[in-house]
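Two complexes are shown next, each including chain A; its partner changes from chain B in the first to chain C in the second.
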Partner chain A sequence: MRELSLNVMDVAQNSVRAEASLVRITVEESEKDDRMKIEIADNGCGMTEEQVQQVIDPFFTTRTTRKVGLGVPLFKLSAEQTGGSFNIQSEKNVGTTTTAIYVPSHMDMTPLGDIDSTVKILIQCNPQIDFVFTHSTDLGSFTLDTRELREVLGDVSLDTPDVLEWIGQYLEENTQNIYGGASL
Partner chain B sequence: MKSLAELKAIRDRAKAQLDLRKENPNAARVLVGMATCGIAAGARPVLNAFTEEIAKRGLTDSVTVTQTGCIGICQYEPVVEIEIPGEEKVTYVKVAPEMVPRIVNDHLVNHNVVTEFTIGAIQK
Partner chain C sequence: MTVNELKEQLNLTPLVEDDYDREVTDCYIGDLLSWVMGRAPADSAWLTVMGNINSIAVATLADTACIILVENAALDDNARQKAEMHGVNILTTPENSYSLAVKLSKLI
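Let's look at the complex of A and B:
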């Protein structure tokens, strides 16, 4: 994967398939501490201890159309190759939390990339699921919580084009802010 | 800054159009393969390109863009399937964002399949 945001999109879809109703995506960047954390937490069907071991294995997949499952192994590799760490916490019928810790100054660090686009597409393609996206840097943080949007929108779906455009702009403006860009 | 008040205005506008969109059984579907293979091959900009092109042409009521999983032809990703009710499903392979306006114009608007981009053309 060229960007970590693509790994996030991939792994978040495991949450979708696990029939989660709420997916939390957290990105914590700290230049000061030379650390970045990406966490994807869901309230889906969860896995047994044995299944957790299996998903880390590239030659395991629950799918029948092919024999390899590279989503989790690639995500794990992206973190470990920077000297970071990777962890999956899961409990059957409770949910799964996947955490990747990075050392951004490492030569093998993959750029985060367009995480906003990932979040927007996840909402667009799964309007029935709630997403809570939190992004923080040394300069500040912001959160997009689709449950709050839903409260305002009533029965208007999150994947309505105008709503998606609003979400895109909201993410863009807030991202600019926490990266220290000029406020508009 | 974007505010929730602004979102409220969007809601009121959208409500008026809502019924139209929900109850359109003839809506065409654009399915972009977004499993690990598709994402790695560049499916995300392709999905964005479809969303933008369809919005630009005002087709949002008659075409929905969504994602699908891996259909087992990872070597041809990004794969895009187009389903128009009453017509045969078409599978486009190795789709790049630059190809999207033509697929939207020829296939979704004018119902002419862009044969050279389909899986049939590549396998020959």
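Let's look at the complex of A and C:
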């Protein structure tokens, strides 16, 4: 993928298909440590060890329309080609945690891309699911937790335009803060 | 022109031979696999430096006629196994994509 945020979208959609009610997306960037971690953790139906091995194999897919599935394999490749690592921890009926670690200074590093839009689209398309998005840099961190939003919103759905606009602004302002205040 | 004829004319070294009688009607160059996946034409010779297992999946998906690993780029062991299993033709050359493609364009 040209942007890692697209990989996040892909894996989070797998969480949705796994009937998760809560998806945690964490992005930890550290220039100081030359390290970036992307983690997507869900409480969906989980996988057996054998199934985990299958999803990192590009020649395995549950789709019947074609015989290869490259979502997870390409995510794995994106991390490993920077000298980082990739791991999937999963337990049946408990959930799945996918972790990709990058060395951002590497020449083959893929840009993170527009992660805020990814999170916003995920919320918009799956208003029944809760998302906890945490983004940190050396300068600080912030969290968007849709469970907290629901407490304030009551019966108002997360995919109403005003709510989505507020989410977009919240993400934009906080992202600017952790990137040192420069407008992006 | 078949894969075998390309091999002879361009001095390619065979790495995985499934069906070298397959026709090659086009050429595509790219290393970003997710990009190549949706763009490499079927029956093309795909020139790349990516010799990993995902490349084999991309070649299968795009139904390219062969992969040509340029600049002697390495083919991973597990990629070779998958290529043999799924019938993906692979050849290699010391030349870079540009110089090979220039010669290839005169043949197809």
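In this text, the second predicted complex is superposed on the first by the 181 of 184 C-alpha atoms of A that agree within 3 Å, B and C clash if a C-alpha of one lies under 4 Å from a C-alpha of the other, contacts with A are read in each partner's own complex, and residues count from 1 in each chain.
What we mean here is this: a contact is a pair of C-beta atoms (placed from the backbone, for glycine too) under 8 Å apart; a residue touches a chain by one contact, two chains touch by 3 or more.
Note that the coordinates shown come from a computational prediction; the quantities given were computed from them, not determined experimentally.
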item: Contacts of A:Phe59 with chain B and chain C, given as first, second, both or neither; value: second
item: Chain B versus chain C as contact partner of A:Leu74, first or second or both or neither; value: both
item: Partner chain in contact with A:Met1 - chain B first, chain C second, else both or neither; value: both
item: Which partner, chain B or chain C, touches more chain A residues; value: B
item: Partner chain in contact with A:Phe142 - chain B first, chain C second, else both or neither; value: neither
item: Those residues of chain A which chain B touches in one complex and chain C touches in the other; value: 1-2, 66, 70, 74
item: Complex contact set, residues of chain A against chain B; value: 1-2, 6, 9-10, 13, 63, 65-66, 69-71, 74, 114, 117-118, 121, 124-125, 148-149, 152-156, 160-164, 166, 169-170, 173-174, 183
item: Interface residues, chain A side, partner chain C - complex; value: 1-2, 57-59, 66-68, 70, 73-74, 77
item: Chain A partner contacts - residues on chain B that touch it in the complex; value: 1-2, 4, 6-8, 10-11, 13-15, 18, 21, 34-36, 39-40, 44, 47-48, 51, 55, 60, 65-67, 69-72, 74
item: Parts of chain C lying in touch with chain A, wherever the complex brings them together; value: 32-35, 37, 52-54, 56-58, 60-61, 82, 86
